[in-house]
Structures are given as structure tokens and as C-alpha cells.
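Letters A, B, C and D mark the chains in the order given here, with residues in each chain numbered from 1 onward.
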Amino acid sequence: MNEWLYVALFMIVGAIIPIGAILAGAILSPKKPNPIKQSTYECGIEPVGDAWVQFKVQYYIFALVFLVFDVEAVFLFPWAVKLGQLGLYAVVEGIIFISILVVGLLYAWRKGMLEWS
Amino acid sequence: MTPEKIIFLIVAGATLVSALMVVTTRNIVHAAFWLIAALFGVAAIFAILNAGFIAVVQVVVYIGAIAILFIFAVMLTRKDLRDTSAQQNRNWQAGALIAALTFGGLAALFQSWEKLSVAAPAIPSSFDAVAELGSQLTSPSAYVLPFEVASVLLLAAMIGAVYIAFTRK
Amino acid sequence: MIPLSWYLFFSAALFTIGLFGVLTRRNVIAILLGIELMLNAVNVNLVAFWRYGDVAAMTGQVFAIIVFAVAAAEVSAGLALVISVYRRSNTVVAEDLDLLKF
Amino acid sequence: MDFLNDPLKVTAEWLEGIFGAWGMNAAFAHVLVVFLGVLLLLVLLMVVDIFLVWMERKVVSRFQDRIGPNRVGPYGLIQPFADIIKLVIKEDITPNGADRALYNLAPILSMMAVLMVWAVVPIAPVILGTDLNVGVLFLIAAGAIGTLSIIMAGWGSNNKFALIGGFRQVAVMVAFEVPMLTMLLIPTIFAGSMNMNAMIQAQDKIWYFVISPLGALIFLIAVIAELGRAPFDLAEGESELVAGFNTEYSGMKFGMFYAGELLHAMTFGGIWAILFFGGYRFFGLEQVSPFLAAAIFLAKALIGYWIIMWVKYTMVRIRIDQMLAFNWIFLTPLSFVLLMVTALMNALLRGTPSWVYGIGMFFSNVILAWLALEIARSVSRKEREKIEGAKPLAEAHH
């Protein structure tokens, strides 16, 4: 039996519970839609245009830096698991690996890309 | 038909349908969300293959980071929310033909390959894939060079992307 | 037990769908989505060969992880290019990016 | 093997026997029994969740010098049930132009992302979903699905506040996930495994909090930001973004977001206890009975939850630029340095007696924390002088 079957069961049941709750709400609650009620909330005034807003390019930079460190962590987890049985050389390899990526973080910081404004 | 095969067929079918939606749906944000569904299906395939670490990494890297990067990039490059113009270029029939030929060629190659019916070896109960990966990635006689080169690659990607995305007009 | 051929046909189909997307989409971001599908198809093959080959060797899984790193690098640089192009020429349609043609 | 020592296995075997007697396939019976067990665990968690609503309201009112719910039932204990009935019979409004599929999927995924974490949480030595050897990374995978639900809600609502709130929240979550991932590596190094049960087993001599106090602290800060709670709750800053990504949600869909947030906080209280405070371990008491172990784990999780609440109701909201600067310029580099120092010290102190190892680790953490705070203090002093130095000029202008 594959252990991931248990995880799949957790995900299925974890989806069934909120679906059931929302369905119960849908059955029990009144439904009287009208255009004013369904208009999007904009602090009481008439909604203006679409929900389109201009986004900062910083959002992309944050996601980018996160992606790089996410992949870095993927490499480091097997390293961390085995570290106890490996010699000092493995530690040094890991430190080199992290240091190279920290250079990238420093670069982004020096360029002012990690600031919000 | 064993239960394992049925599960595989359901997952593979759902994945391929999601992949088709990725390349055909008009709304680019929906295409990104269909891609997430397809990637999740591939993660399930990895889990069926007993590669638990790769399956989790697939979710962490692709769904947790790459998909978010895609959605942010869509947000940054839209003039209006719902673009309804044509999403396929003029030569889509030629593209479909090339794709069909590629699949046909690959399928023909598989048909003529005799190792196709090889049985999967049993995984020893004491085998820990993550620990084994750890020792291979740090061992000088195995993959320590790719390990370090990967970090240089990621550094280059990060610096390059930051530089490109921020160059003023 | 699922035969190896099922995984190979699945990944071939996924690769082909991705190829179709790359060839036919107009939006550059959608083309990158297709490339992601193709990279994933490659990963399915790598992991399937690991499972059906020598399990203790781990070569397939190591390559799969390297593919993750390559995919991450490809996406981050590719999307940065898209954003940069959009800020210059205000379009993400591949056919309209013809500055080099003239 | 009796019920009090291994309740799950005994019950499962008993049920499988019954189903087998009905002529059911053995494998199918097993899956069915596991399904029922999972359903039981998750329903119990939802019941706990209902009481978390009550607890949260009681605790916040004490912090704010009020009494809190006290009318419905003894100590207001029936109040959360009244809240639920109200949520269920509330009209469910879908805003105009909403992306219906994504709008409806978001609350389901939000709840699922929390519930699926419990697949790898060891509640007691023998009460756990599954012993995944990638347990710690599974947390991040579940968190990725939670992030996705926020993007879906923000995008699907067709509302400016929801869109901005959702994207700010996601920016904060991905930013603080970097120190969180790095801090997950530290217990992994100590235990030599990503398996949560193995981590608890490895904390038999000493809790990881003692040998990595700085790691535990950074992890807590990252978790609070990840949960989107004060002081990092700017996505829901009422005065500027209404309710953030769930502005347009009403009725039970809003209820799912709300319940998910509370359960998420309690879950991460439990994860914090597992990674740094020995999980269900408490001076050998966990050996007595699995039920006692589960009670110890629940108590530790609630203490962690209480600390998260304490922070929430004590601190003021931090501005988004300061918050992200705090993460990228202070927390992330500090966590990388801590990881490198821990790996190095772990290799250097290997083979020494455990008290030398513990003291060495503890003091390397303390020294690192002191250095980081000194650097931060000198930088902030310079910033302050820059701002205060400019002040007299502005006054002279008047």
C-alpha cells in the first residue's frame, strides 16, 4: 500500500468537509439577489470600472527571489538529512552553495529591488 | 485491471485534460490555473511512482513558486482584465500537425523498443531516497559538481531577471 | 503493476500538448506555460526510468531535481524578459514583437 | 496489544474484521477504515475549531479588558454554535463579474490546505496519519495550496480591495516563506530526518528549542507572517483594504476562511511544538498512554496558539514596506547565517559529550542573536539621525 494513498484520503476528506458546509449554507440560506446587492463593494459608492489595478514590478521580484530560495531549499533538504553522517567537506559544500545564493540576495538589495517604494 | 492501474488512468486522464485546457483556453489567467491542475496531476504521478520527495518538490516548486510567478507576470502585463481576442496564431493547423506527428513518432519508437515491458524492481524497505539523494549530491565521486553549478545557475537567473525586469525605458 | 509503457505514453502525450501550445499560442506567457508542460513531461520520464531501472543509483531523481532548477531559471529569466518587453512595446503578443525584422 | 496502548490499530483491526465478515474485499475494507478514521480526525478538528472561535474571543476580550461572550450558555460556550447557525442561514452573495469557478473554489482550498497538514502531524506515538519521510517539506506543499487559495479569492472576486489585499498577502507569504524554509532545515539537521515522528523521537535528551532558540524565534515570526495575523495582517488592514482578499465573501464561504485561519494558527502552534518543543514528549509521560501523549500535544499546540494570539493582540500593524524590508534585509540573511553556523557547529561539536554540544549550540545562537541585534540597532540609529537631523530645517522654514 502506497503511503501517499493516506495523503490523498486526507485531501479528499479535507475537501469534502468544506464542500459539505458550503452546500448546507446554500440549501438553508435565502436567495434574493438584486443588482445593488450583487455589485462589488467599494465603500458604498458606485463601483468604478473593472477590478484592474496597476501592479508594482516589485511583486515579481519578491516571487522571483522566493522561487530561487525555494529551489535552493530543495537541494538543501537532502543535504541536511545526510549531514550527520558526512564529514566536514559536506558542510563546506553546503556553505558554498548558500553563500553563492546570498550574493544574489545582496545584489538585489544593493540595486534597491527589495524595497517597496 | 488492478486498483493501481485505475488510479493511474484517472490521474493521467485528468492531467492530460488540464494540459489541453492550458493550451486552448482563451483566458490567460485560467490557463495558468489549469497549468497548476496539470502540475498537480504530475505530482500525483510521481507519488504513484514511489518518488515521494520529487512529488512534494513538484508541489513546492511548481505550484508554490513558479505558478505564482506566472500569475504575477500576467498581472504585470495586462491592459485589461479579460482579454477576449484570439489566442491562437494563424498557423495553428500546422502546429497541430507537427504535434500529432511528434506523438506518432514517439509512439512508434516505443512500440519497437523491447525493454518496454520490464518489471519495476522492488524497493528495499530500508531504502531512504532522501538520504541517498543527500549523499549523492555531496559526494565528490557523484553529483557534487551539478549541485554547486545549480546554485551558480540560480544566481545567474536571479541577477539576470532582476536586471532585465528593472531596466528603465 | 503499471507497465513502463504507460508512463512513457503519458509523458509523450504531455510533451506533445506542450509542444502544440508553444507552436500555436500568440501570448508569450502562454508559450512559456507550454514549455513548463514539456519540462514536466521530461521529468515524468526521468522518474519513471529511475523507478524501473536501478533504484539505488538515484540518477533519475538527481536529474529531475536539476530539471527543477533549470525550469526555475528558465521561468524567472523568461518572464523577466516578457515584463521588460511589455514595458517597452506594450504588448505580449509574439507576432507583434518584430523589432529585429526591420 | 490492547485498546489503551494502540487505539487506532485495535479499532482498525476490529472494523476490518466486521467489514470482512460482510464479504468485503480486504484491501477495500482497509481503505474504507482509513477513510473513516480520517473523517473522524478531521471532524474532531472542526469541533476543536468551533471552540477556538470561543477561545479567541474570550482571550481578546481579556486583553482588551472586556468580558467577551457571556450570555449564551455558561461562559458563553454556546456562542460559537449560534455564530455558526447565523453563518449557515446568511445569504450567499456572488458579486457581479466574479470568476465563479475560482471564487467558489478558493474557500474550499483554503480549508483543505489546513486540514491536509494533519496527514503528517504525529498526535501521539501511535496516533498519526502517515509517517511520510518528507514530512517537513509537506508542510510547505500544503502552504503552497493555501497561497493559491488566496490568489484565487483575490482574483475571482472582481473587487479592487480583494485583488490588492490578496496580492499583498501573497507577497508577504512568499517573502516570509524563505526564513521559514531555512528554519525547517535546522531541526532536519539535528534529527537527520524530515520525518516529524523521527524528529520528536530525536528530542528525547533535549528539546531543540534549547539548542536553537534563535531558530525557534525566527520560525515563530515567519509563521505569524505566513498566517497573515497581526502585526503582519496588513492585507486585512480594515482602514485601507476593508477585509483584504475575503471582502466579497459572505455566509459559509466566509466562514471557511475564518475557521481556516483559526485552525491554521492552532496547527502551526502544534508544528512549532513538534519542531522545537518535543511534540507529544513531556519527561516520559508520553510513555504512559497514547491518550496522555495526545493531551500533552494538544496542550502544547494551544500554548503555541496562545503565544500567537498574545503577539496579535499586543502589537500594532506594521506597514508593508517596513515589513518586507524587515524580512529581506534582516530576517532572511540572519536565517541563512544561522543555518550555516548551525551546520558548522554541528560538524565541529560532533563526538563531544552532549552537555558540551548543547552549551556550544546554545551560546552560538545567543552570540549570533546579539550580533544581529547590535547591527540592527546601529543601522536604525543612523536612520533615526538622518530623519531627526532633517527636522530642524523643516521647522526653520516655518
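Quick notes on this structure:
The rule we apply is simple: a contact is a pair of C-beta atoms (placed from the backbone, for glycine too) under 8 Å apart; a residue touches a chain by one contact, two chains touch by 3 or more.
Please read all numbers here as calculations on a predicted model, not as lab measurements.
Here B-D and A-D were compared by C-beta pairs in contact; the pair with more is A-D.
A comparison of C-alpha centroids places A closest to the centre of the full protein.
With centres set at the average Cα position, the gap from chain C to chain D is 33 Å.
Between chain B and chain D, the centres computed from C-alpha atoms are 29 Å apart.
Mean C-alpha position of chain A lies 14 Å from that of chain D. One simple way to say how far apart two chains are is to compare their mean CA positions; for chain A and chain C this gives 21 Å.
Looking at chain B, residues 48, 50, 52-53, 57, 60-61, 64-66, 68-69, 72-73, 75-76, 81, 128-130, 133, 137, 150, 154, 157-158, 161-162, 165 sit in touch with two or more other chains. Residue positions 27, 132, 134, 137-138, 140, 158, 167, 174, 177, 194 of chain D each touch two or more of the other chains. For chain C, the set of residues that touch two or more other chains comprises 65, 68-69, 72, 75-76, 79-80, 83.
Pairs of chains in mutual contact: A-B, A-C, A-D, B-C, B-D.
By the touch rule above, chain D contacts chain A in their complex via residues 27, 30-31, 34-35, 38-39, 42-43, 46, 87-97, 104, 107-108, 110-112, 114-116, 118-120, 129-132, 134, 136-138, 140, 157-164, 167, 171, 174-175, 177-178, 181-182, 184-185, 188-189, 192-194, 242, 247-248, 251-253, 255-256, 320-321, 324-325, 328-329, 332-333, 336, 339-340, 343-344, 346-348, 350. On the chain B side of its complex with chain C, the touching residues are 2, 4-5, 8, 12, 15-16, 19-20, 22-23, 28, 31-32, 35, 38-39, 42, 45-46, 48-51, 53-54, 57-58, 61-62, 65-66, 69-70, 73-74, 76-77, 79, 86-89, 91-92, 94-96, 98-100, 102-103, 106-107, 110, 115-121, 123-124, 127, 129, 132-133, 136-137, 142-143, 146, 150, 153-154, 156-158, 160-162, 164-165, 167, 169.
Interface residues of chain B, counted against chain A in their complex, comprise 44, 47-48, 50, 52-53, 55, 57, 60-61, 64-66, 68-69, 72-73, 75-76, 78, 80-81, 128, 130-131, 133-135, 137-138, 140, 144, 147-148, 150-152, 154-155, 157-159, 161-163, 165-166.
Those residues of chain A lying in contact with chain D across their complex are 1, 3, 5-7, 9-11, 13-15, 17-19, 21-22, 24-26, 28-33, 35, 37-43, 50-51, 53, 55, 58-59, 62-63, 65-66, 69-70, 73, 76-77, 80-85, 87-88, 91, 94-95, 98-99, 102, 105, 109, 114-117.
Taken together, the chain C residues at the contact with chain B in this complex read 1-10, 12-21, 23-27, 29-30, 32-34, 36-37, 40, 43-44, 47-48, 50-52, 54-56, 58, 61-62, 64-66, 68-77, 79-84, 86-88, 90, 92, 94-95.
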